[in-house]
Amino acid sequence: MPMQKIIFLIQCNDRKGLLAATSHYFYSRGFNILHCQQHSDTRAKRYYMRVELDLGDLKTTRKDLREDFAAFAAPLELTWECHFTDYRSRVAILVSKTSHCLYDLISRHHEGDLVCDIPLIISNHPDLEFISDRFRIPYYYLPIEQDNKSAQEQKIRELLKRHDIDLVVLARYMQILTPEFTREWTGRIINIHHAFLPAFQGANPYLRAYERGVKMIGATAHYASEDLDQGPIIEQDVVRVNHELTPDGLKQVGKDVERQVLSRAVQAHLEHRVIIFENRTIVFSAER
Amino acid sequence: MPMQKIIFLIQCNDRKGLLAATSHYFYSRGFNILHCQQHSDTRAKRYYMRVELDLGDLKTTRKDLREDFAAFAAPLELTWECHFTDYRSRVAILVSKTSHCLYDLISRHHEGDLVCDIPLIISNHPDLEFISDRFRIPYYYLPIEQDNKSAQEQKIRELLKRHDIDLVVLARYMQILTPEFTREWTGRIINIHHAFLPAFQGANPYLRAYERGVKMIGATAHYASEDLDQGPIIEQDVVRVNHELTPDGLKQVGKDVERQVLSRAVQAHLEHRVIIFENRTIVFSAER
Amino acid sequence: MPMQKIIFLIQCNDRKGLLAATSHYFYSRGFNILHCQQHSDTRAKRYYMRVELDLGDLKTTRKDLREDFAAFAAPLELTWECHFTDYRSRVAILVSKTSHCLYDLISRHHEGDLVCDIPLIISNHPDLEFISDRFRIPYYYLPIEQDNKSAQEQKIRELLKRHDIDLVVLARYMQILTPEFTREWTGRIINIHHAFLPAFQGANPYLRAYERGVKMIGATAHYASEDLDQGPIIEQDVVRVNHELTPDGLKQVGKDVERQVLSRAVQAHLEHRVIIFENRTIVFSAER
Amino acid sequence: MPMQKIIFLIQCNDRKGLLAATSHYFYSRGFNILHCQQHSDTRAKRYYMRVELDLGDLKTTRKDLREDFAAFAAPLELTWECHFTDYRSRVAILVSKTSHCLYDLISRHHEGDLVCDIPLIISNHPDLEFISDRFRIPYYYLPIEQDNKSAQEQKIRELLKRHDIDLVVLARYMQILTPEFTREWTGRIINIHHAFLPAFQGANPYLRAYERGVKMIGATAHYASEDLDQGPIIEQDVVRVNHELTPDGLKQVGKDVERQVLSRAVQAHLEHRVIIFENRTIVFSAER
């Protein structure tokens, strides 16, 4: 059985002694630091840190740990989160008609590479219900009719609340969300865009890639924000293409990149390896 | 609906006039050549060709076409195959306990990227039956007991025959096949090896990759041959790794490469883009 | 000594029988087709072909070959070029202050991978003259002063003419050329843009890449056209980056991609592997 | 002007409190930790650390710092090195007849990406002297005649000593060194092997790659050790190839990977980002 861990994600304005103070804090509370990763952005004068502790070293309640750390963090003006790996994040997947990202997420979940619960799939189309059925995940079909877009979105938000969802994954959902939704869920909605942002923002990226004659196509996973395709980027990748591919050929080849990029981004988020500051992300590497 | 095609795969010793003769042959029979790819291996003095024709241009029976082309090919000493894309190849997948390649093959099959029928899955372990069930594919559990290995293999071969199988995919089957099996099925069994061959042939490649301290790990899809891990390579890929990964971490990261490399190799075979000569393959690119 | 070759680049509207007719033409004139590559763009209904012949098979003058082929090509409405590999293209390199692309081009030239003559280097700054000196290549320093931009460009165009230049390489020249210049030299000026076009067109791409928080940076080699950064793309590549890099760090890492992408594009052009149609390129692969 | 730094490379058996102790040590001596990178190899129970300090914070002599840190390190049984970035490492390049790696190293040196001095080039052939001349670097031609191999090597070692060399780069030197040489220079000789080790150890890797029909070729930079091609790997990379390439074609394509892999490895070493433990390296990423 793998060791359970406590993970701290910390950020603050950069200044002297932060590492010494923090590592001393954990040492003084009897914790062994399993892994510690830091980054100083000298340009933004911002400091970021991810600390992994052995949950077995915890001798207090979790609430006490949080309060104790909060007391330590306040004078240093740290912004921080604390996660326990024995809690499984609850993930809702939103889809439309395309299945490749959904298949990839579910199969990685089954193989234990995406550690989370997936209590529901939501869609504005009925097409992918058979996949839900296969994997025994409840499927909510919420169609968007003329003038009911905000009502449909309201139902989605209620479902997310009722199911105690921690993370929303837009696995080619293809709908623009309202600012109310993205603001409430800041940093907790991951979208996949089927292009190498900021190239080909908006619709039909593969057709536009064909017309522009690019020699590589890509995909981008990012946190959803008010401005479409403008949120903080978590992961990107590309694949080499050439003149032999039509827009449909690009689309087929691109599916491979889309599914991988989305799954890697979701995995990084679930493993608490991502810190957001303004419109950029710090994604710490995985030590396994 | 996509256009149905006739695909010729041709190889012979290189000599003058082959392209002119072949293209004239098809032109004279009223065929439009949709795509034509050639390769001259100047070292081996060997010529390879792949021709795509519009099946709609066929004005004779398929048998007549074959006989007519055979008469053309004989004096030129061409080795050739002729495929019709309205026939769906029948694929058997052999697995052991690991599911990631199986999931990938099945999901690509469902999305229409691997055009074939998958009438059965065979395994020496019962572990993956639940996936078979999910996708309504019959699962044959054929355990290998002390001293029954050849009997078990015999059962596999009977199943393949009974189901009119065209291609066998070893999706992490982890068993060595007998020379009788590989000889009978030459060029029709695709295996995935979880290393960048010829590095780390044999068992435990991830552990050995860790011990050697390599900075990339890979996977190799190849046709099975008598000598383990020695058959003609169809596809390879690698992923960058670093000191942060244990052997288990390498294994997890490697799954991504394995599934992609195997699926790409199977797709190339199903699209009749692979020619084998001695221990090497010519893999023509996909024009979509 | 490598075999000298004749290379035909052909394009036309797609129709039946083009391959049969063309291969028969060369066969009937006694040529062995060493390599033949074709591409049908089914969307644009356009056909492209590259043919390599053994120059040793030529039994007429080059002028006669051209006239004979022109007579063959006229009724088929082929657009075509014919090149002889014993002619070395003459290349002018334009630089500004940055040396990495210049070093790369010159060292590949010296190693025999870029087969051409480089009779001159032109710059609007004196900074890189010492490199010219080292490699015994004449250096023309043509500064751009207030209001003399067109006069300076006029001098460049005269130098290109006087030196019988076939190809102009903008190796980080950093100046916008006039439409007169790019029109006269259509398809004969290759520029390197230090970003993955169409992302980050225009100035300061590395700073903007940092600000947008992208996870890969790239470079694009393209033929110069009137519209800045809009010409037909020949080659692109990317490299993975992360939050640890400042804009200056991105710039340093990006140099590696820039120099490779530019050199590969120049090599493809010099090997007559590129066909331009409208704003896209067909880049045939290299068989060596 | 960039900030000058003190860099500590530390390794020891893993145990609790190392980060707290070390960061407190530097804090207590008035140093700001600019960057700190750690790695715990849970399998080998080994701890690695790289610390960057501002040289401007040094208030003692360098000798005093070393003695003070030694006193701190002794009870913790740390193995450590301390480097000052205002010291430029002295690098000797050994070549044979092939120039691409040499050109790449020198041009990166000129552009300021490889920060070091290159006081001499040594070769067993006279072929590349003209490059030395071009860049005003003394060239020592030390031919290997029948039975004089150890005498020739002795001359090399005297040259290295006389020139106070810190690092030897075998830029395709193609000679096996004696165990005496590699032992004396453990961790200070970097070699480039033109294959993806451990595949194709020994001679003629491109020919053997062609014969095996691999779909990617690679290069490996490693510290030289007694056993040929067995030393700790610093960096590797690969490039995709296909059936169109002969062994000579593979060789040409491979040059691009070789030069990059070698230059990246040399840069990592010069920036004090590499720690060796047994036969593996920890290569910390570059924060720029």
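The chains carry the letters A, B, C and D, assigned in the order they are written, with residues numbered from 1 in each.
What we mean here is this: a residue touches a chain if its C-beta (ideal position, glycine included) is under 8 Å from a C-beta of that chain, and two chains touch if they have at least 3 such contacts.
None of these values were measured; they are calculated from a predicted model.
Any chain that touches chain C and also touches chain D is listed here: A, B. Interface residue usage between chain A and chain B, two copies of one sequence, is largely shared: over half of the residue numbers at the contact are used by both copies.
Interface comparison, B-D versus B-C: the higher number of contacting C-beta pairs is recorded for B-D. The greatest centre-to-centre gap from chain A, using C-alpha centroids, is found for C. Separation between the centroids of chain B and chain C, computed from CA atoms only, is 37 Å. One simple way to say how far apart two chains are is to compare their mean CA positions; for chain B and chain D this gives 41 Å. With touch defined as above, residues shared between interfaces to two or more other chains in chain D number as follows: 39, 242, 244, 246, 287. In the complex of the two chains, the chain C residues touching chain B come out as 16-17, 19-20, 23-24, 26-27, 32-40, 240, 287.
Residue ranges of chain C in contact with chain A, taken from their complex: 39, 41-43, 48, 196-200, 210-216, 218, 232-238, 242-244, 246-247, 279-283. Interface of chain A with chain B (complex): residues 99-100, 103-104, 107, 110-111, 113, 134-135, 242, 244-246, 248-249, 252-253, 255-256, 260, 285-288.
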